[in-house]
Amino acid sequence: MTTLIKNGTIITATDTYRADILVKNGRVCEIGGEISKIANEIIDATGKWVLPGAVDAHTHLDVECDGMTTVDDFESATAAAAAGGTTTVIDYAEQVPGGTLAGALEKWREKAAGRSVVDYGFHIALSEVTPGILGEIPAMVAAGVTSFHARLDGWGERYIHDGQLLELFESARGAGAIVCLHAENGDIIRTYLGRLASEGKTSVRYLPEARPPEVEAQATARAISIAEMARAPIYLSGISSAHAIEKVKAARDRGQVVYAETSPHFLVLTSERYEDPDGVKYTCIPPLRPSWHADVLWKAISSGDIHSIGSDHRAFHYAGQKDLGKEDFTRAPRGFAGVQERVSLVHSAGVAAGRISPNRLVDLVSASPAKIFGLFPRKGTLAVGSDADMILFDPATEVTLSKATSLSRSDYTPYEGMNVRGAPWMVLQRGKVIARENKVHGRAGQGEFLPAARFSVP
Amino acid sequence: MTTLIKNGTIITATDTYRADILVKNGRVCEIGGEISKIANEIIDATGKWVLPGAVDAHTHLDVECDGMTTVDDFESATAAAAAGGTTTVIDYAEQVPGGTLAGALEKWREKAAGRSVVDYGFHIALSEVTPGILGEIPAMVAAGVTSFHARLDGWGERYIHDGQLLELFESARGAGAIVCLHAENGDIIRTYLGRLASEGKTSVRYLPEARPPEVEAQATARAISIAEMARAPIYLSGISSAHAIEKVKAARDRGQVVYAETSPHFLVLTSERYEDPDGVKYTCIPPLRPSWHADVLWKAISSGDIHSIGSDHRAFHYAGQKDLGKEDFTRAPRGFAGVQERVSLVHSAGVAAGRISPNRLVDLVSASPAKIFGLFPRKGTLAVGSDADMILFDPATEVTLSKATSLSRSDYTPYEGMNVRGAPWMVLQRGKVIARENKVHGRAGQGEFLPAARFSVP
Amino acid sequence: MTTLIKNGTIITATDTYRADILVKNGRVCEIGGEISKIANEIIDATGKWVLPGAVDAHTHLDVECDGMTTVDDFESATAAAAAGGTTTVIDYAEQVPGGTLAGALEKWREKAAGRSVVDYGFHIALSEVTPGILGEIPAMVAAGVTSFHARLDGWGERYIHDGQLLELFESARGAGAIVCLHAENGDIIRTYLGRLASEGKTSVRYLPEARPPEVEAQATARAISIAEMARAPIYLSGISSAHAIEKVKAARDRGQVVYAETSPHFLVLTSERYEDPDGVKYTCIPPLRPSWHADVLWKAISSGDIHSIGSDHRAFHYAGQKDLGKEDFTRAPRGFAGVQERVSLVHSAGVAAGRISPNRLVDLVSASPAKIFGLFPRKGTLAVGSDADMILFDPATEVTLSKATSLSRSDYTPYEGMNVRGAPWMVLQRGKVIARENKVHGRAGQGEFLPAARFSVP
Amino acid sequence: MTTLIKNGTIITATDTYRADILVKNGRVCEIGGEISKIANEIIDATGKWVLPGAVDAHTHLDVECDGMTTVDDFESATAAAAAGGTTTVIDYAEQVPGGTLAGALEKWREKAAGRSVVDYGFHIALSEVTPGILGEIPAMVAAGVTSFHARLDGWGERYIHDGQLLELFESARGAGAIVCLHAENGDIIRTYLGRLASEGKTSVRYLPEARPPEVEAQATARAISIAEMARAPIYLSGISSAHAIEKVKAARDRGQVVYAETSPHFLVLTSERYEDPDGVKYTCIPPLRPSWHADVLWKAISSGDIHSIGSDHRAFHYAGQKDLGKEDFTRAPRGFAGVQERVSLVHSAGVAAGRISPNRLVDLVSASPAKIFGLFPRKGTLAVGSDADMILFDPATEVTLSKATSLSRSDYTPYEGMNVRGAPWMVLQRGKVIARENKVHGRAGQGEFLPAARFSVP
């Protein structure tokens, strides 16, 4: 089975050039100035950019959260991903308290198998750090999971102590894995939530007061300092604020191996949304910030201090789920859909706005997450031997985002009415067209599990 | 004319993969997993890395300096370059006081034409900043020179005032060019030199006292602050010290577009050499530093705060030239040979020592300088359409550097006796083998002038 | 001759306590809980603060500037000073190009002798840095001048090169003196002024564009770095912006001996004034800044990074002098009156507003400038043996500043209509009442010249 | 009862002057150039410095620690203090788990009453942060305790969570108190201790590995960030390292109210002592550091980033106590004697070595701790109305410290054999001579309890 993509402009994290691509058995077989071979299928990409299929290293699919289940499972979410140009998701497999990592991985492989439209890998999200859990890490690495996530916004029984954190970093480093962290200070948040509740400040407009940037910066600095003691790499999932990115910069200036991820919503939405009547639609953690934080995040993207942009896709309905928080924002489940819109949003606010080059776009949404999480060069680039995952991207098209364009099962999109420039025209997974002009052609279950390689500094 | 390179591992700034490369008419025509076409020449690169030909953005060839003429002209230096894997040099064409930029460019094109073994572009080194000079910049950009170099270590008539510097940055930015700077504070150096002379401290062991790191850091900060006022990019040529790199980091943290270049000798040689009986062999500016500076430079390479490594090749004989400084180091001309050893030294001290990945090596010695100076993707990568400049590199070979291995006309090498790991096995320029196992096959004059594109942020 | 001040609250830079003070022959003779001795004069200071007479280390009296002569000479200005609680001024004696330091000192001693109401010392403001000038420094120190001022906002012939600056710092340090600097980058200012002029932007609203904070910060960093090379102390006169104070903090964090002075107008006036129809009244250099800079200056006062507040008194008439700049701000002479209002303004915006303690007020307006400039403990404190210069200060009184309350000869005050809390009730110079409730009792000529001691770190 | 001190040079944190002091009823009654009144006692202080009695804000007397009882109770320790010029100690009253603050205060008042030679105040050291404890703070403030100490080097049940810390800061601020912290990360220390034990690394030479500077810096940053959220002042007790002081500087640069205390042993002893056969004599927490840390601490003293020097006096015998740790350093109780040597050590290594002025000495060992902990101006200065606590100090005398000169009951001194310049000649407490040439004249029980005033920024 061969496919020939002709006349496109290939863009990787480094290169931009005009060439044809021949795909054979799902892999890039040949790249040439003009390939005249016979192929089963020929796609004319004239005027299009040919980008590596995007890698979304931050999704939460088919998961219980805050007492509710997300509306998107692997089938619906990866269909949305495919439409948006994302051909790989790295989902958070959740270890339940008392459970094993192996159990988490097995459960998540079941959730994905037979359902996922795109390829997938896993982080394992730890609910606790025990000797048993740490002991399982090498086996998980052998099984293809090389990133382990912990949350610093827990408290009480969910609180992770610094000694545990140190051992987690050391165990991960020893096994060839990397630790990912959600960095907000849970103990302070608990205190703030208690006060807001006691003062009757339960409207979503008070969400930013429960989780201010200082709380994020503090936990970010804490995590970085422990990683430094362990001489271990660290990946900060979901950096939202200038305060937190300042800590990342300071560590990188010292030469520490620190990676930071932000999300499209931190770049294009602001905390003003919480003043809206339906502001609860926008609850996420960390919360949205005032607009000047986005300026700082863009600068950090330019300077190379932010490496990856993940969607943090965690979709809920407004009716019956998010709107439970109308009177009390803590009752709304956290998060919203975004896996589909990620690439277009970053292109529009980044490349089209003159902030970053197309190569940097590829780096942020494909190459860097693939490298950091051990999927490169199978994913994240277009080179001979790589999986033939591609976005034939039209940088000039303009789209108005809306529920009508959204393929998530969620009954709303936080980007309703937003105009973006640039969208996938066609999306290929291992050489097969899985989406075209926002219609999904791929089928549930065709996605494959991607074992991750051990971490090494790119 | 076609050439087929088979079975190598292609390494670019981003990618590492096994593939064959078909070259046609001097350009990469096709890259494929297994190319079975008939070619005029077939090279088996089994076990070799296939790197883009290296780009040395910092050479001084066939030039008068400190009252003497360098021993290498374009013929001898580019032969040495070719042997070492460098297929492009960007040389400094010097505008003489009272002369024009056009005159400098014309003179340098004459020096190179018919002599250069490898391809070449030019920076123009300004000896003064006048309205006339600034007015010529757009024409130079149109003629293919998009980088203009100024020195901050001049004094008296050679002193460049901040107003002039501001206008230089603004003129360059307006014309699509970038300003390069040698950043040491000339006025302070003049003072220190005067003192050392009056105290009879003229042995080369006092060179570091004439040009301490503080003097470099001060000028670096000065240049960066003026570039910031002009909202212009800046390229710092020849950063040698922790003090200076700290200023670079601070500016990049603020989001400023600052590029820093260091040289191999700052990474592998130290100021202890000035204590040697023949210490004057090692005079260069900035001077060599104590070893801890190299540690900081490597960290800055890792963090992405140093972008480019240039040789600063400026070759002299020890006998009759450098040794004139035995009694008085200021009588020794500055600089030494290095264009040939650059790639191997960075591989050995960087990749083989576990400090950087092979991709980062390519970035530092090829891709980034090519991008910053408008030669990419013709140079700096291996992609369809790029010039077929390649190093078939053997990462495992071990070489002892010596005058015997050096192709510079200089009667010594500063790296005498140093063992390095990794060396070019074969070097191709536009598809033709120009060097093989340290023997040059290319002929003088086959190198072409490379007009540079306007600067844009990569 | 004895005077007894009873029942006041004595406040020094360190202490606050209730006591009586006995003055004999102009000096503090005794401080006691209840002094019952017979005195020639007894003053009941019940309910008043007894502060050391204030020291204004930044005045420009009876001087030509921008082609005009200030309206205040030593008589009028020091009368205003006395009314405002300032019993010592340190004025800038100006060395004229080609002239000597001795000549400057002689001329200024003549200007002051027989005219000054308060005591006085001198800085010498250098117009150039030559070997001859540097050679005079030790003699000037012997003559009681231990601070030498240079401007970094000159250009062309007035430009001071870094080598000269280094030698100035070293000469001063060697002689026991300190260098004061006006830190703005003259060369950049010249460029900006030229552009504004060519664009017809000559209204005073464009003054901030000619001298933006970046220009101040750049020169501040430059001066600090040269002082560091010289291992010499440095006093930055007239810091106005957050950008500049950031450079001061960085140097102090490294352990460098750096002192910063700001002025009351930078704390209570803002650049919005330049939008006023009579905005030219407010021209000064550096210019007034947007209000957030004042917040940063107050924080630097709290953290101990600003040490001294001087008035920069340089008075002109609006009619016939400042208003010459109505069409072209560069034709307005720089500066305005302020020696009288300084203490009250800092008390009102500082102590009364809860930002600083009364002790810190004394430190800023008396003790620190007296210490840095070698007048302590004769001036700057109330201790046995100190000159009996005192402000009997009423912290509770409220005053509306206006031309009617101003004793400067200037036909306006920049503080017109401003309400302040706290004012001197009575002011004593060497035990004699020289002002009372804004009326001057002292006579011209009673002020004495104060030879300064050599600099030492307090 | 009156005492007249004649002919001394009075030195406060600000002033230096020659004067006589008349003491009446234990307080400074009068300061005059020449006081000729009749007094019960006349002391001729010709050639001596008259310093305010020193305030040691960090002692641990008569307390159980690590399962042992300190060898010094209030009687022996305050005798040693008196001999060394310290006339006020602020001791840590320890709240026991489950106990009340009132109980701690009562118990410590009992320990001190009838025994203390010098005056005393208390911090209360919290063993836990509960609503009950926080609720007691206002009553303690009313009872004269305005500083509350917490340890961040606890773990398990002794671990203080950030939410608790936030509430502690807020409660203290609300009540007019300040929080003091021992800042080392207990959880990491526990981990390191466990590893060292398992590796058999129990010799005291491994102590620095259990508590490295990173562990101190991390906890310091943690505490500062939570204080910032609470907008509360913070006092860091026992800063030992460059790493930690860097965090203090950063916070002070932001304008935060942060005070740092170090101890003489961090300035004059180094971690090399742990290599000694009797290295266990020097165990303390944080531990001694390599010598370059002391250089950084001195710079921070100069720049005003360290405010106070306390002894951390916590005395044990070598025989039978410290030597229990010979095989396992964790079995040695922490700390050693130092209350007696503090003033002389800081004078010798600071003033006599040219690092600080005599005024700054007074600031560090008397004025600042008195101000921060609400005892000023009763203590910490020599002003009319202040307690007549004085050191008649001989700056020129030279002393060799040894067990023979030490008045602690401990069977050794960590300063054995060290030569110091400067020592108290005579020490007065409220006008009475309590020590003379290292002999104690004061009697147990003459010291008084000093209620502290509420905290306000000096």
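Here the chain labels run A, B, C and D in written order, and each chain numbers its own residues starting at 1.
Criterion: contacts are C-beta pairs under 8 Å (C-beta built on N, C-alpha and C of every residue); 3 or more make two chains touch, one makes a residue touch a chain.
Keep in mind that this is a model prediction, so the values were computed, not measured.
Visitor: Provide the labels of all chains in contact with chain A and in contact with chain B.
Guide: Output, common partners of chain A and chain B: nil, no chain qualifies.
Visitor: Farthest from chain D in C-alpha centre terms, which chain would that be?
Guide: Result for the farthest chain: B.
Visitor: Please work out the Cα centroid separation of chain B and chain D, and write it as a whole number of Å.
Guide: Averaging C-alpha atoms per chain gives centres 57 Å apart.
Visitor: If you average the CA atoms of chain B and of chain C, how many Å lie between those two points?
Guide: Each chain reduced to its C-alpha mean, chain B and chain C end up 52 Å apart.
Visitor: How are the chains arranged in terms of who touches whom: line, ring, star, complete or other?
Guide: Chain contacts: single closed ring, each chain with exactly two partners.
Visitor: What chain-chain pairs meet the touch criterion?
Guide: The set of touching chain pairs is A-B, A-D, B-C, C-D.
Visitor: In the complex of these two chains, what residues of chain A are touching chain B?
Guide: 10, 12-19, 22, 27, 29-33, 35, 249, 252-255, 257, 299-300, 302-305, 357, 359-360, 367, 377, 381, 383-386, 456-458
Visitor: Please name which positions on chain B make contact with chain C in the complex.
Guide: Contacts found on chain B: 155, 159, 161-164, 166-167, 185, 187-188, 190-191, 214-215, 217-218, 221-222, 225-226, 228-229.
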